[in-house]
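This is the structure I have questions about; it appears just below.
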Amino acid sequence: MTDPVPSERLYRKIRFIRRFEERSVDLVAAGEIASGVHPCIGQEAVGVGVCSTLTHDDIVLSSHRGHGHLLAKGCDPARVMAEMCGRVTGIDKGRGGSFHPSDFSANVYNSTGTVGHGCAIAAGIAWSVARSDTPGRVVVSFFGDGAVTQGALLEGFNLAALWQLPVVYVCENNKYATTLPVQTAVAGSITARGAAFGIPSSTVDGQDVEVVRAATAAAVERARSGGGPSLLEFDTYRYHGHHTFELKARLKYRTEAEIARWKRRDPLDIQAARVPADVRERIDADVERELDDVVAFAVGSPKPDPADALEYMYSDGLRPRAGVASNA
Amino acid sequence: MTDPVPSERLYRKIRFIRRFEERSVDLVAAGEIASGVHPCIGQEAVGVGVCSTLTHDDIVLSSHRGHGHLLAKGCDPARVMAEMCGRVTGIDKGRGGSFHPSDFSANVYNSTGTVGHGCAIAAGIAWSVARSDTPGRVVVSFFGDGAVTQGALLEGFNLAALWQLPVVYVCENNKYATTLPVQTAVAGSITARGAAFGIPSSTVDGQDVEVVRAATAAAVERARSGGGPSLLEFDTYRYHGHHTFELKARLKYRTEAEIARWKRRDPLDIQAARVPADVRERIDADVERELDDVVAFAVGSPKPDPADALEYMYSDGLRPRAGVASNA
Amino acid sequence: MPKLSYLKALNRALGEEMDRDPSVFVLGEDMNFALTNVTAGFLEKYGPERILEMPLTEQGFTNFATGAAMAGRRPVVEFQIPFLLLLVFEQITNQANKFRLMSGGQTSVPVTYVCPAAGWRAAWGAQHSDQPYSMFAHMGVKTVIPATPRDAYGLLVTAIRDDDPVVFFGPIATMGVREDVDYAELRPIPLGKGRIHRPGDDVTVVAVGHLVHDALAVAEDMSGEASIEVFDPRSVYPFDWDGLASSLERTGRLVVLDDSNRSCGMGGEIVATAAEEMRLVAPPRRITRPDGAMVGAAPELDVVLQPTREQLVAAVRKVLKS
Amino acid sequence: MPKLSYLKALNRALGEEMDRDPSVFVLGEDMNFALTNVTAGFLEKYGPERILEMPLTEQGFTNFATGAAMAGRRPVVEFQIPFLLLLVFEQITNQANKFRLMSGGQTSVPVTYVCPAAGWRAAWGAQHSDQPYSMFAHMGVKTVIPATPRDAYGLLVTAIRDDDPVVFFGPIATMGVREDVDYAELRPIPLGKGRIHRPGDDVTVVAVGHLVHDALAVAEDMSGEASIEVFDPRSVYPFDWDGLASSLERTGRLVVLDDSNRSCGMGGEIVATAAEEMRLVAPPRRITRPDGAMVGAAPELDVVLQPTREQLVAAVRKVLKS
């Protein structure tokens, strides 16, 4: 943690992401986001706290529930929203979408769709940057509690530990993988998996952004100074369904009481308590204004030209044969 | 451990496997075993000790270094050798070979070629037998130190632990995966991987068959009585190369001194010391006689008919189209 | 007669097999809430010993199913997304499907893999919209992709009863298809037996999966212009080569409509086999996705990468002219 | 001129690229002892930071390579056995190969996957003897399978320099092939450019990988009887369709010799594309492995499952007659 980040800035980020996500849910309903979204509402403190310890040059790998990570890492919100809306002005020109975005301008390299596989991708990036002209960069790989039962993730832990790579593994344990409760999926524990490879591993409150920040700062510092990888398991919770489809399909995998209990430790409320009311009001108003612009930019941007459907497939401009023969 | 197994019987088994393997190396040189073999010489006490605790109905999954497991589990040695020689009298009619045999008559279900993947296959078998008309059976899955870095193996650990399945995982840590030393491949430890899933895990001397037997008996007893899986890591060593190709390609991944040091704890010698010399001489002579018959049977058996190349592919007798059109 | 949807046909076939044979059980992700609806109502009826909720451990549970099958069970494994079948490709093609041969016939591995979501999902990203059936055919795994509720029912029953691994692809685009069905007349349908949905004299259109419905619509639209025979292979491996040959014996003209990627896809296999071994009076045509297509970005980009009715009309006209 | 073996050509190409470009590095199993000999002498020369010994963690290290590539490196990943490419099939085809498109062109993933052991290994069991190249072509991954030392050199250089994932298959059966070579004249060879090894007028034989040498032997043997053009695609994706079309423009007759499984294999793709788009005066033929062939049991069983010269002779006679 180099310079201190004022509580207001953390509050503002959380507020921004909360409202960004709520607006994106609206845009799903309005038909502007064809994929639906996986809202991170309730989990904002993790992304914000983690990314508050990173520099611009540090690298993030995100997941399907990644909007918060991207915004926290410093991506342009308008271009993130445009991406989610499948617009050419999006960070990936509409080719990544809500689920699997990357934004190299903010050093968000990837959000692979294969749950858990970012872990070893992160190891490869970390290995490379540690040996590059600009070492000292740290890679953060975000994943959920569901990912820890994917063997490929554990293969990544082994590689990162063997070579003491500068990676911070951030597991957002929001208690469910889609409908699956973590305790029915994970024998033993999440942190014991890290420990099995000799990776310093701890479970940390994910709802208080200042706690997240402090825990991450230590792990980032260790990585940056050559001390190798860490695993941070953040206890957190998503308020919404896994994906907006749950707004229609009412699944009963958790109780209203459980949701209500978690909302009593709302990351926005926790951080709000540290910010004077008048400052908060100003921030909240700013956020709304900014989001008005974000949405206007996204929705007002052009959709991709169907003629470009195979653009960006290959680096050398190779064009795959069409689905019908040219003489047909 | 129901009835006690006399030291002689364990000695005889080890001696048999040792000489079986030495003869198979000769048969490779003679061109009778086209694949070459992965000899288990030096590791015999593990297979023998483990299988001495099992009943006929218990199930074993073996590996590419599996001859010893099969013989210890009670497969007909002549038919095992015939299999290695690619003969129709082999346990798999010449279709499994030395590397990937199975023998359902002795409840050896499989030796998949994909290192580490037997672990979850074993979990599936164990889940099924525990719910069958004949529960109380135990599944033993053998694998090497190389397998523990394969994510699919760790996925299997999770499943076995979640459902407390009757499996005993036997890791023969012979210190190398082909040329790769275990300490450069495995961050943390092997037993910590088991422990991460809540599986009782311990490291045990693999050269003294009575020690192997005692440790396994406890794990088998736990599995049989519904106490769930165990992981036993046996410290052992192979005297030969990974595969007989090493007889030609002299690879320098370990020193002669290291090999010599391990030979000082030879499983055959250790057990021999517990058997009177005259008894041993009788056993040794018996073993040679029996192996003469084994080799004669194998080498004298017919090779498969090329017309049957696609036999056994499908259960319903479906015959795949040939590689040339019938009208071509 | 009641209307049976494709999705309900899967539910019905699976439920009836569960009733008939206690060795059948289902495993997969989000089973306890029947997220895909294939197993709707099953947890309550059959309990957690036959409806197994799995962690996010596809390779592990695919291998688990292999083991269970070798131990006498008949697992049905559900995959919610087609790429998950790529993730377990080795476990199905190089393990489960080979263990019978490698054991010299001692064992068999009766697992059914069901993907009730094959094909395009708008904007889910390029990793979620593949059609991998051609590669299972390449590897010699029995593979079906029925187009109608009745066929889905009959082929799922057959897949479950089959003693070998069978991959069942249900296209997303067919899940809502409905058909008038007399339940008492639902029957298992053999593998490797195609179906002529509509007989015709001028050209054989082979259509795979959901594209069967497009082919039928085009055949109807063009009925004034051409007599189109619509041939649905239903299982791509084994394939009903005899059925195709006898259709071409009559028409001598072939158009294939296949949602696979072009190169080394099922569409190409059908064209190749016909060119090599069957009667053709005009060059055959196929309509597929482009080579190595990556579908699933923005909807505008995706629709042009999938076979269309307009392409079929043009191809039919083309083969009729040559 | 010195004789260069195929294996040594790989070693030379890789070493020269390592010298030329510090971002190139190699990872794989048994690297420290160069078990396959592709990297013989490299550990001593380049050290452990460029020759990375990997645990038995194929999916992990394939993903690792993807990450390294996105971070500016050019990893070369070695796989000792063809099935390992099935094990990492999802990581290559659904991840590495799609990340460029999914990023809207922001990144590229310049990884080369080398399998210097494609095809049959006698008696190693059915799990070790596959030829999976057709499936990489299906998924749109650049895929090469050169037949000669010179082409192996040139295509490995090109694969490493290419900014996208490229799978390089070296057939086991070609590893010992030797060729007179002037080292100064070794050149990179472009993807998607076939090679006519022997011109001919009567029939085009397309042969893939090690089968090129069989085709050449048959062409020589049959030279009294027929003028055979031997066309080696060298890269199966992209494929030199123009080159094939111009050969067929002259010969009008096609036989394909391909060690893939039959259904949905590269052999079928070549036949299909020719039938659809090119000049053919007789029905084309292909010689392949059987559908879903399982090769690798006893040698007696295996040899009959792989394409033979006798089959080629018969097929050439057949197409010449029709």
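As written, the chain order gives the labels A, B, C and D, with residue 1 at the start of each chain.
Going forward, a contact is a pair of C-beta atoms (placed from the backbone, for glycine too) under 8 Å apart; a residue touches a chain by one contact, two chains touch by 3 or more.
Since the structure is predicted, the reported quantities are computational estimates derived from the model, not experimental observations.
In terms of the stated touch criterion, the partners common to subunit A and subunit B are C, D, listed by label.
Among the other chains, A has the CA centre that is most remote from the centre of subunit D.
Per-chain CA centroids place subunit A at a distance of 39 Å from subunit D.
Chain centres here are Cα averages; for subunit C and subunit D they lie 30 Å apart. Separating the centre of subunit B from that of subunit D, both taken as means of CA atoms, is a distance of 35 Å. Residue numbers of subunit A whose C-beta contacts span two or more other chains: 94-96, 100, 112-114, 149-152, 155, 158, 162, 184-186, 313, 320-321, 325, 328.
Contacts with at least two other chains are made by residues 55, 57, 59-60, 83, 87, 90, 94-95, 101-102, 125-127, 140, 238, 263, 273, 276-277, 285-286, 291-294, 297 of subunit C.
Taken as a graph of touching chains, this assembly is fully connected, with contact between every pair of chains.
Contact residues of subunit A toward subunit C in the complex are 33-35, 86-87, 94-100, 112-116, 146-147, 149-151, 177-180, 184-186, 249, 251-253, 303-306, 308-310, 313, 320-325, 328. The residues of subunit D lying in touch with subunit C in their complex are 83, 86-87, 89-90, 93-95, 97-98, 101-102, 125-127, 130, 134-135, 137-141, 237, 239, 260-261, 263-269, 271-277, 280, 283-286, 291-294, 297.
Put simply, subunit B touches subunit A in their complex at residues 149-155, 157-158, 161-162, 184-189, 192-193, 195-199.
Contact residues on subunit B toward subunit C in their complex (touch as defined above): 59, 90-96, 100, 102-104, 109-110, 112-114, 117, 119-129, 131-132, 151-152, 155-156, 158-159, 162, 311-316, 318, 320-321, 325-328. Contact residues of subunit C toward subunit B in the complex are 49, 55, 57, 59-73, 75, 90-91, 94-95, 99-108, 110, 140, 142, 162-164, 191-192, 238, 241, 273, 276-277.
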